[in-house]
Each structure stands twice: as structure tokens, then as C-alpha cells.
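Across the two complexes that follow, subunit A remains constant while its partner is subunit B and subsequently subunit C.
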Partner chain A sequence: MSPIPLIYNVRSVRARWRGNLVAVLGIAGVVAVFVAMLSMARGFQLTLVDSGSPSNAIVMRGGATTEMESVVTREQIQVIAGAPGVAHDEEGHPLVSGEVFVVAAFHHRASDSDALAPVRGVSEQALKVHRGVRIVSGRFLRPGLAELVAGKSASTMYSGFGLGDTPSFGGRTWRVVGIMDSGGSAFDSEVWADQPVLSQTYKRPEDLFSSVTVRLTSPAALGDFKRALASDPRLTVQADRETDYYAKQSRAVSTMIRVLGFLVASVMGIGAVFGAFNTMYSSVAARAREIATLRALGFGGASVVLSWMVEALFIALIGGLLGCIVVLPVNGLTTSTLNWQSFSQIAFAFRVTPDLLGKGLLFALVMGFVGGLLPALRAARMPVASALREL
Partner chain B sequence: MKFFALIWSNLRRKKVRTALTVGSFAVALFLYGLLAAIQTAFNQGVEVAGVDRLVVRNKVSLIMPLPVSYRERMLQIPGVKTVTYATWFGGYYQDPKNFFPQFAVEKETWLKMYPEFKVPRGEWEAFLQDREGCVVGRKTAERFGWKIGDRVPLVASIFGGVWEFNIRGIYDGTRSEDDTTQFWFRSDYLEERRTWGKGMVGWYVVQVADPNEAASVAEAIDSRFANSPWETSAESEKAFAAGFVKQVGNIQLLILVIGGVVFFTLLLVTGNAMAMAVRERTAELAVLKTIGFTDASVLWLVLGESMACALQGGVLGLAAAKLFTLRGDPTGGFLPVFYLSPAKMALGLALTLAVGVASGIIPALLAMRLKIVEALRRV
Partner chain C sequence: MVRLDDNGDALIRVRDLDKTYRRGGQDVHVLRGLNLSVDEGEFVAFMGPSGSGKTTLLNLLGGLDLPTAGSITVAGDEITHLSGPKLAHWRARHVGFIFQMYNLLPVLTAFQNVELPLLLTRLSKAQRRRHVETALGLVGLKDRTDYYPRQLSGGQEQRVAIARAIVADPTFLLCDEPTGDLDRRSADEVLALLSGLASRYGKTVLMVTHDPRAAERAEVVLHLEKGALVEGTTSGPEGNGPTSKPAET
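Showing the complex of A and B:
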């Protein structure tokens, strides 16, 4: 005999929508929270990974794990600039950007309190090395002046950092002369200043830098470049591919979000399976006569199990789809958190990607499968004669 | 309470359904317990903050230092009782992933400033005698298996090189919320070995004579150093800690949203289960009414059933959450404390009962309004 037709399940779900709605909403809620947490972790990770370029290398003092802990002197930068693999611009200058990385307390709009913002002291070389960063309005800084270029997230995150504003920090009044866009990467959360001016403000020796970012002739040139630095007795530095450095920076926070997300979602998932169980079990009890009729018509036990599983998976799928739809608006939502590695605020957007939605749907189907299996077996095992007599 | 036996046997009628409903409550309350513990962890600094303590940092940002000479100048400000200072060391043990906070502290005043931390007198004396000595929190000592007398090397990622310390003492907190992950060593040792930034400290902690004057003392400190090369920003320890929590993001909102979704789902699940139970028993309830049960007692019968489910599930879930938190921090050192307080547990139980009532009320009202004749005629 052929299996029970699908339309039976579709109609059944529609006819009993009240009870099924509970299961659908339960699963939708779990899927929404699950996908939202994952998209948060994903957004954070992508923001940092996108900040680096595979053909850039970041050089810091040996042993330093972040730019803030690192010190590189001007003499060392000159040595690094002469290493093999370093790219040059049209005029023959090496594409090497010595940078100072500090944090400053600015007024954060969303929390209405002071938050630590990353401030980077740069020279004109910075734009040539960080190819992803573009000035979208205003202009770049002029050397020697107390001018700032704010990242587009920084300029909206902190009050007083719009184009033309004159924020003051470090006992000095600055002027925001430009807004930069790096396509959603970490530089969008930064404020750039002229390096000698910033060093003076922070009372650092002017020829002391935090890190050096180097443009290489090609991504493959990193090996030679690293070997040259390691064998030079004048240097005690380490070089990392920029993308690797930023990936490492994102690890702590994105792992924490993911661990907590999985923990919360799995506990919620168990709860939703209970809900689905409850609905399906009651539905077996309520539909005892109907099932017995199907059996009496000649459908086998396996057919009944299959039909019930189809119904459970169908309900789960609706729930999963609903959850995905509900969570879609968080895509692109920007928020910020403290990145422990750089000890400063970093803005990032939730990224609801198709693969995360796929994971959400899969999760919903797993819940439907687990929640539907036992009731389905019970339905199939019901003795036909007594069930027909029930009620 | 004379209906207790009746409620109990009603619950036992459909064992699977009851188990699932109780299970749903248990799961929800377990999750509540986890979220509450996480929230406590994030707010730990705010909750343990001393009302009489101010934190004074460089106005530009916390990573900028202040001169050590400020201590004497602060002590002259009226209302200031004690002043101590600390510097962030930023080292790690064996692997950069092994994070715990290390402070170089002013040895004479540090412990006086924090009476909530307890160190045996003999151990503290030994620390004062040893320039390379350190005192470690119980949690960190247990994490790395350190004992008194051990010599531990830390890689100093800010100051450079490998620094070795002798563990002279282990401190405990007096409350469950106290952070016992810190590592203290002597600032004179840091001063001696550091190659740059000599004469500077990370931040000051000021104890005020009268907590009511904290705000005005903070203002006096800031104006004392205004227009100097090292301007200060003084705020109460609570505000300082709250600022950090805000920087991490809106944890509160996140937890509220997740908790809200969970409880809403729970409401649906139990509401549905109760509605089904009542629908199945329509005839039975009509019989009860026929033999003289009042409308009110029928209402309580149904409500009692949903509340009994809620209570059992709630107790089960909270107990499981408590056991889970006793096992320690699941993120491996990221959270300073992982603790479910009795107050939060009580709140959880209250929430469960509220959901129990909310999910039972509509079926209970339906049962109460049941017309005997119609109900008996049905089916």
C-alpha cells in the first residue's frame, strides 16, 4: 500500500492550528535566539578579519600580543623598511607605516558614559598601506596639526566627532577634518591623529611607535620578510600577517559569544523539544480514533510513523522559517563592545548570513525530529480495535 | 489544602504530560539560573563596590599613568582618609590565553583599603619582607595549582621579559561575589625593574572619611589637578565599575530579551497543556460541580494543578542551575565570579509561580464558568 498522502498532514496541521501554534512559536523563538547569537559572533569576527589585508604584515615587539603592549623605535622601522619583500610606491618610498596606538575616554552616546576609544597616530603613509581605508568626506590630516580623521562608526558612536567638530582631549582641542570608511572593519571604530602630535599629547617620546604595518610586494613575500627580520641582530620583533593578527584579536570575544550562545540555545532547544513532545503526545491521544481508522484502512505501522514524522518536521520547519524571518531585521544592526585585546570599543554589525539561517533551520528540524519520534512510535503501536472504541 | 490529594492524583493521571510540563519549567528555570549567574558576573564590580572608595584615573584614559607624587597631594585634601595606588602589569602565565589580572600594589595601604579581602597575618608579613613576593587570590591559585612558597614566572607583555615572583600568601574574599582571581605584587619591585615610566602609577584608590561627601571629594581631587600635565578623573568605585559594564555592551538587555522569549514560550507550552487537560476532563468537572463543588473550588483545583507543576519544575531547574554554577566558570577564566545568589533564586521561584498562575488562569476560568448541563451533554 502507498504511504499516507502528504496532503493529509498539511490539512491536519491547518485543522489543529491552535495546538500546533504553540509548538511553532516555541521552535521559532529558539531558532531566532540561536541565529541572533551566532550572527553576533559572526559579525564581530568578520569585522576584525576584514580589517587586515593578506598582503600586509604587522610588526610588533617580540612577545607583545597587542599593539598597545608593543614598542618599536624609529631606527628599527628604518631597518624593517629595508627588508626584502617590502613594496614601494611610485616615488620609491617603502610602504611602511609606523603607528602609535592608544586609547582615549570619549563620551559614548548609546550608554551615555565615557567609553575607551582606540586612537591611532599615523602619517600620510597610512592610507597607502591600509588600502581598505578611504576618506569619504573632508580630507586627510595635515602633519603637525591637531587634526583628526574619525572612522564612520566612531563619528556616530561618540558625541562631538562629526565632520568639523572640535572635541578636546589630552589637554588640547582637536578638529575633525575627515571621515573615513573601511567597509565595516575595525578601523571604522578608530580615530586617527597625526603621530607626532598624538605622541606629544600622550607624553611619549616622538620616535617611539607601537607597531609598524608593512605593505608587501605579494602575500607570498611574508616568508622572506619574516626570515630577514628574525636574522637581523638589530631587531627583536615579530611579524604577523595582518589578517592573522586580527583573527587572533577576535578570538576571545567571538568564542565567548559563541559558547554562551550555544549554551543558551541548547537549553532552550531542550525546552522547545519538551513543548513539541507535549503537543504531539496530546495530539496522539486526541487523534487516537483517526489513527486507528488509518490503520483499519490498511496503512501499516511504518506508514503511520512516517506520516507523523512528516507532520512533526513540517511543524518544525514552519517554526524554523518563522524564527529566521523574525531574526532577519537584526542583520546589519550595529552595536559595540569592549574588545579586551585592544582594550577599547569596537563597533560591529550583526551578520545574518545564509549559512547561519541554514544552521537555524537544521536546528529546528532536529528539534522536530526528536520531539516527533516518540509520539510517532506510540501512535503506531496503538491497538486498532480498542482505539476505535475510545470515546 | 483539603484538595491536595485530588490535585496530586490529577497530576499523576497523564504522567508523560505532567513530566513534560514540569520538565519545561525545569529547563526554563535552569536557563534563568545561568543567565542570572552571568549577569552577576558582569555586574560583580558594581555589586561589591565600596561606598567609601573613589577611583582616580588619568583623565585621558585608564591606560595613561599618573605621577606617584599625587598621593601626598591627595592626602592633603579635606575628607580624604587613605590613598593607595596600583599599576596594571598585564602579564601572563605560560600561555597568553591564561588571563588573570595582576596589579603592582602599594604594600602599606593596599589591604587596608580592601577590608573584604582576607590574608592570614603571617602570610602578609612574609609578603612585606620579600621584595619579589606576591599574594594570589584563591581562585587563581587553585586554577594553576600554586602553593605558598612556589616561584612563578610571568611573561610581562607590557614591561618586557620574564618576571619571577614568590607566592607568599593566598587571599580569600569575605562574600561569594568577591573577586579572588587577582594577583598582587609590590610596586617597589616594579619600580626597580621597569625600564620606562618610572615614578608613575596606573590609578589611585581613595578612601573618603564620610561616604556622603564622596561626590564633593571627587570634585575637589579633579579640580586640584586641573590644568596640570596629568589631569585626573575621580569617580566612585561603583560608577567606575558600572562604566566598565556599559562598555561591554547592553548585557542587561540581551539577558532580558532571552529570558523574555523563554518565559513567553513556557507560558504557551503550559497554557496549552492545561487547556488540553481541562478540555479532556470537561465531563468530570461537571460531575464535581454536580456533587456540590463550588465554582471557586473548581477554579482552585485547576490553578493548583498548574502551580504544582510550576513549583516542582522551578525547584528542580534552580537546583540544577545551582549545581552547575558550583562547578565553576564555563568560559575558563573569563568571568571573575560565577555564582547564583539566594536572592536571584528566590526571584526565579517567584517568576515560576507567576507563570504557573498566568498559564493556568484561562483554563481555570473556563472550568469555573462551565455550565453543568451543557458540559454533561457534550460528547
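Showing the complex of A and C:
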């Protein structure tokens, strides 16, 4: 089979650009939406995954899947701090951060309504364990005071959480003394308070924590650490690598966004396929004499099918590229959603990555293929003699 | 020599050719028991009233359509039983088509149009270029290689079409009213080219025309009447056409 030259398709597409516009725009729209949804899911996922460190372990009550359901006592924390693999600071203190996790309703600017925000009760150890978190303005909490450090997303997402602001919740007034930046991770959406003060405010026993995050001597130390915890009869806890824990946390929502993305894109895709089909079909009709001429010259039916499929795919590729260009500015755009696992709002940025653009282009080609197949077969089946009679 | 009976040595042999179209539940008998033999290097013109089946005959000879009955043999190959892909391959090797409306691909340059049949051969790019240049030179359009069809006059377009038809050195040329859309001068140029191809290069040329002046250029003029061919410039009952009613016009 000898292929009909590519230049024929390229120039024909250009010559008939008006007619091809429907197909190109349809496919571009679908690709843009598809890639946008995927980059939303990707952004959400990366935000949570970035929150964890492979050198950290998060310890919760056995069977708990989120910090909300978990309780760890102060005695247990002391035992955990003595386990092998736990790193220590210069003064020899174990790098162990017992934390209390509560959810509070703050005024969400974007929706102008209350939204649930994660509030974490911590001690000074928190910054040594969560290495990605930096205080970028103000200072860290002082023990025993009703002070807050707001994540940079939380501080902009909710009204009244700027540096020096004095928000009220839990029946007392607080003072924001610092803003923290964790480089886009989930901590940016959190508000941190002194653990004993937070526990008192929410009328919890001061010795009960939600979770413990432990800095390990190395990522490889997790195995020994876990085994030691499991074999200790005083403990009924489980330890997970922090990165795994956050990856698991992100799964539900990112999968939901992804499934939604596929659904929306499929429904729109059907429309775009019809657009492509229509375009190609009328193109075949309009170029019946050209096809018949090529057949008369000796090009076979298979060459004609190939040529028309190439043209359909070429049109789809143009649409796909256009869709990708349109969706690029979405990259970095921040938004927030409810994280089902922690039942609180989390801010994240769209991440338009090359592999997602690749998926978008692939989707465009699939639409072009499906839309072009019947017209291509029709082009090849067209009776040559009668097509030549048409003027 | 062209003959309307069977000739075993002829390049093209047509035997008892029937073509019937079905239209609206009725059979339209266009060709009925048509016989023809054409020797190599002959220039034959077909005439006949509109609807008499001239285009139908050329399409059958060129393997673009299949007869209802009868056989067509070209250079010893019986083409009426070839399958689609084989027929396409046969066309590429043996037939050069020239159409009334030129049928150049509008998005390709003269060069690219003429090159098309060579893409079906094993020739290298450089060889193809030489062949295309030779063919365009032969029709006097060496200086128009990069022109698009819309930038050419009708006569020039038809000459490009002739170059395309001859570039792969086919066994014979089929021309359906090649001058039907041209003014006198352009028509004469095209006819001079076609008769030159026959006389100088020994090409077999079969041409349908309505124009008696065009037909004069051919060595033989055949008339299509009542679904069969008769020789000479007059139509009469002495032709070897069938006795049944002629194809309606």
C-alpha cells in the first residue's frame, strides 16, 4: 500500500479551515476541561503528598484512619519516644510531636460562608518534626498563651487570620502571632495553637492527643520502629510513614475529581466526536472527486482510509494542542475543597504537568480516531465511476 | 489497426461487453454486446450523442467500473475479474486518465500532482523528480512546476493532467472529452500533444469527444450507437450493434 502524501492532508485541512473549525474547537474544549480536571486532582494529591516526609512516621490509635478518630495518651507518647529509630535534637530530646487535631468553623472569604478549618494543637517540637514548615512572618507560639500561627493559605482563605488579628473561636479570643509556609502542603491550610491551651478550650483532657508525629533517624528506620511499637504490650497504636498516610488521605478526593473529570470529558467527548464525524463526513462529500481521482490514479482503498484517518487525527491534534494551550494558564491557580478525610477545607493549586497534557492529546487523538473512522471507510467505499461524474 | 471484431494480437480486446445500470427499478442497457480491438500506438476517437455510453465505456476500459457481462483484455490481462486492490494496482501500472475537468488536486502544486502516480512505483525521490520534470517538459510547462492549479489557465491545467497521465509510462491513455472545457487554441495544443504522444512515442490513446475537429486528429473515429460501436462518420444500420433498442439518452 502506497500512502497518499501527507502534504495533501495538511494543505486540505488548511484550505478547509472554516469547515474544520467545529471539530477543532469541540476537541479543544473537551481537552481543556479534561486536562483541567486532571490537574485539579493532581494538585490536590500533590498538596497532601508534599505534607509528609519519608523520614517521619505518624502514630495513631490502632485501626484509626484519620487523626479525627485517633487518641494517643501522654504515657504512650513517652513509650513511643523511647522506641528505636527515633531521632533526637542537639539537647538529646526525642523528636516527637504529640498533636491535637480539631476542626473549627471560620468565615471562608471565597464562599462568604463558614467553612471547617483544621486547627492543630502543637508544642515547640512541631517545627523540628515537620521540617517543611517555616515561619515566614511573626514568630512561633509561646507555651500557655492563646496564640495562633496561621498557614499562609488559611490566613488568606479565612477572614480575620492575618498577622496580628484576633479571631474568636471555641469560646475565647486568640491572637495570630505568626504565618507559616510549608511550600504548598496541607499545613498551609491549617491553624496551629498551643496544645494545652487548645485542649483546655475544647474541654479535652490535656494528656490525650490525636496523633504523634515522629522524626526517624532515616527513612529506613521505619521498619524497626514499627516492630518495636507492635511488640510493646503497653501500646495499641499503629505507625505509618507520613508520606503514605497523606497519599492515602488524598486518594478519595483526588479519585473523585478524576472520575468526575472522566465523566464530564466523556459526555463532552461524545459531542466532540460527532463534531469531528460531521466535519469529516462533509469533507468526504465535498472532496468526492478528489478521492475518485486518487483511486483512478491507482491508490487503493486502504491508502484512502489511511489518508483520511491521518487527516482526522491531524485535525484532532490541532484541537488537542489548542486545548492544552487554553488550559495552561490554569496551572498554579489555587482553589480549595473539603478534604473528606479530615473533614476540613484544604487549599491547593492546579498542577498542569506534561504527562497530563500528554493524556489530553491522547484523548484528542482518540476522539479524532472515533470520529474519523466511518467517514474514512465511506471515502474508501465510494464508487469511483459515479464520484467522477459529480462536478 | 482498430477493428470492431475480435483480433487476437490487439493490445486492447473487448468482447461482448454489456453494461446495465439499474435505476428506479428499471434496467438501463447502456452497452450491449460491444466489441473492439485496438492495436498498440493507435489514436482512437469515440463519438456519440450525450448519454450514449461513452464515459461508461472508458470507465470500464480503465477498470473504474465492472461490466455486467463480457470481457476486457489489456496486454493479455483479463481485467474484468480482478478484485478491488488488484484492479487499483493494475490501473496504476497500465492506465493514464485525462478528464474533462482536469481533476488536479487543488491543494497540490503542478509538480506534486504529476508526482502522484510515481508514488505508486518503487522509484527513488531523485528518480521521481527526473520523471516529473521530463513529463512537465514534454507538455511545455517546465516553468510552472510550483504553480497551484488555481494559478494556471484551463489549457495549462489540462497539460499538467496530461503530464500526470503519462509520467508513469502507462500502457494506454483514456481521455474523456479532454478539450470539452477549453477554448479553440488550448484545445488545439492539447490535441497536438495527444496525437504527438501516439505518433511520436507510440502511446495508445483512446479519446471521447463531442468535437468533430478534435475527432479529426485521431486515426480512427468510432461512433457509439445503440450500445455498440460503428465505424466512420455516419451512423447506420450496417453497424454491428445489437438489433434491440438503443440505450436511451
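Please note the rule applied: the second predicted complex is superposed on the first by the 388 of 391 C-alpha atoms of A that agree within 3 Å, B and C clash if a C-alpha of one lies under 4 Å from a C-alpha of the other, contacts with A are read in each partner's own complex, and residues count from 1 in each chain.
We take it that a contact is a pair of C-beta atoms (placed from the backbone, for glycine too) under 8 Å apart; a residue touches a chain by one contact, two chains touch by 3 or more.
Nothing here was measured: the structure is a model prediction, and the numbers come from that model.
With the two structures aligned on subunit A, subunit B fits next to subunit C without clashing. Geometry note, superposition on chain A: angle between subunit B and subunit C about the Cα centre of subunit A is 90 degrees, to the nearest 10.
When both complexes are overlaid on chain A, the residue A:116 reaches subunit B alone and has no touch with subunit C.
Once the two complexes are overlaid on the shared chain, A:63 sits against subunit B while remaining clear of subunit C. In the superposed model, A:169 lies in contact with subunit B only, and not with subunit C. In the superposition on chain A, A:336 makes contact with subunit B only, while subunit C stays out of contact range. By the document's definition of touching, of the two partners only subunit B reaches A:281; subunit C does not.
Of the two partner chains placed by superposition, A:196 touches none, neither subunit B nor subunit C.
When the shared chain is aligned, subunit B comes close enough to touch A:263, but subunit C does not. Using the contact criterion defined above for the overlaid structures, shared-chain residue A:33 touches subunit B, although it does not reach subunit C. Once both structures are fitted on chain A, no C-alpha atom of subunit B lies closer than 14 Å to one of subunit C. Common to the subunit B-facing and subunit C-facing surfaces of subunit A are residues 391. Across the complex, subunit C is touched by residues 2-5, 7-8, 11-12, 14-15, 289-290, 293-302, 383-385, 388-389, 391 of subunit A. Subunit B meets subunit A in the complex at residues 16-17, 20-21, 23-24, 27-28, 30-31, 34-35, 38, 59-64, 90, 96, 155, 157-158, 160, 227, 229, 231, 233, 242-244, 246-250, 258, 261-262, 264-266, 268-269, 271-273, 276, 330-331, 334, 379. Contacts from subunit C toward subunit A in the complex involve residues 55-56, 59, 62, 64-65, 84-85, 88-93, 95, 97, 99, 101, 103, 105-108, 112, 116-117, 119-120, 164.
Those residues of subunit A whose C-beta lies close enough to touch subunit B in the complex are 19, 21-22, 25-26, 29-30, 32-33, 61, 63-66, 68-69, 102-105, 108, 110-111, 113-116, 169-171, 201-203, 252, 256, 259-260, 263-264, 267-268, 270-272, 274-275, 277-279, 281-282, 286, 335-338, 343, 345, 391.
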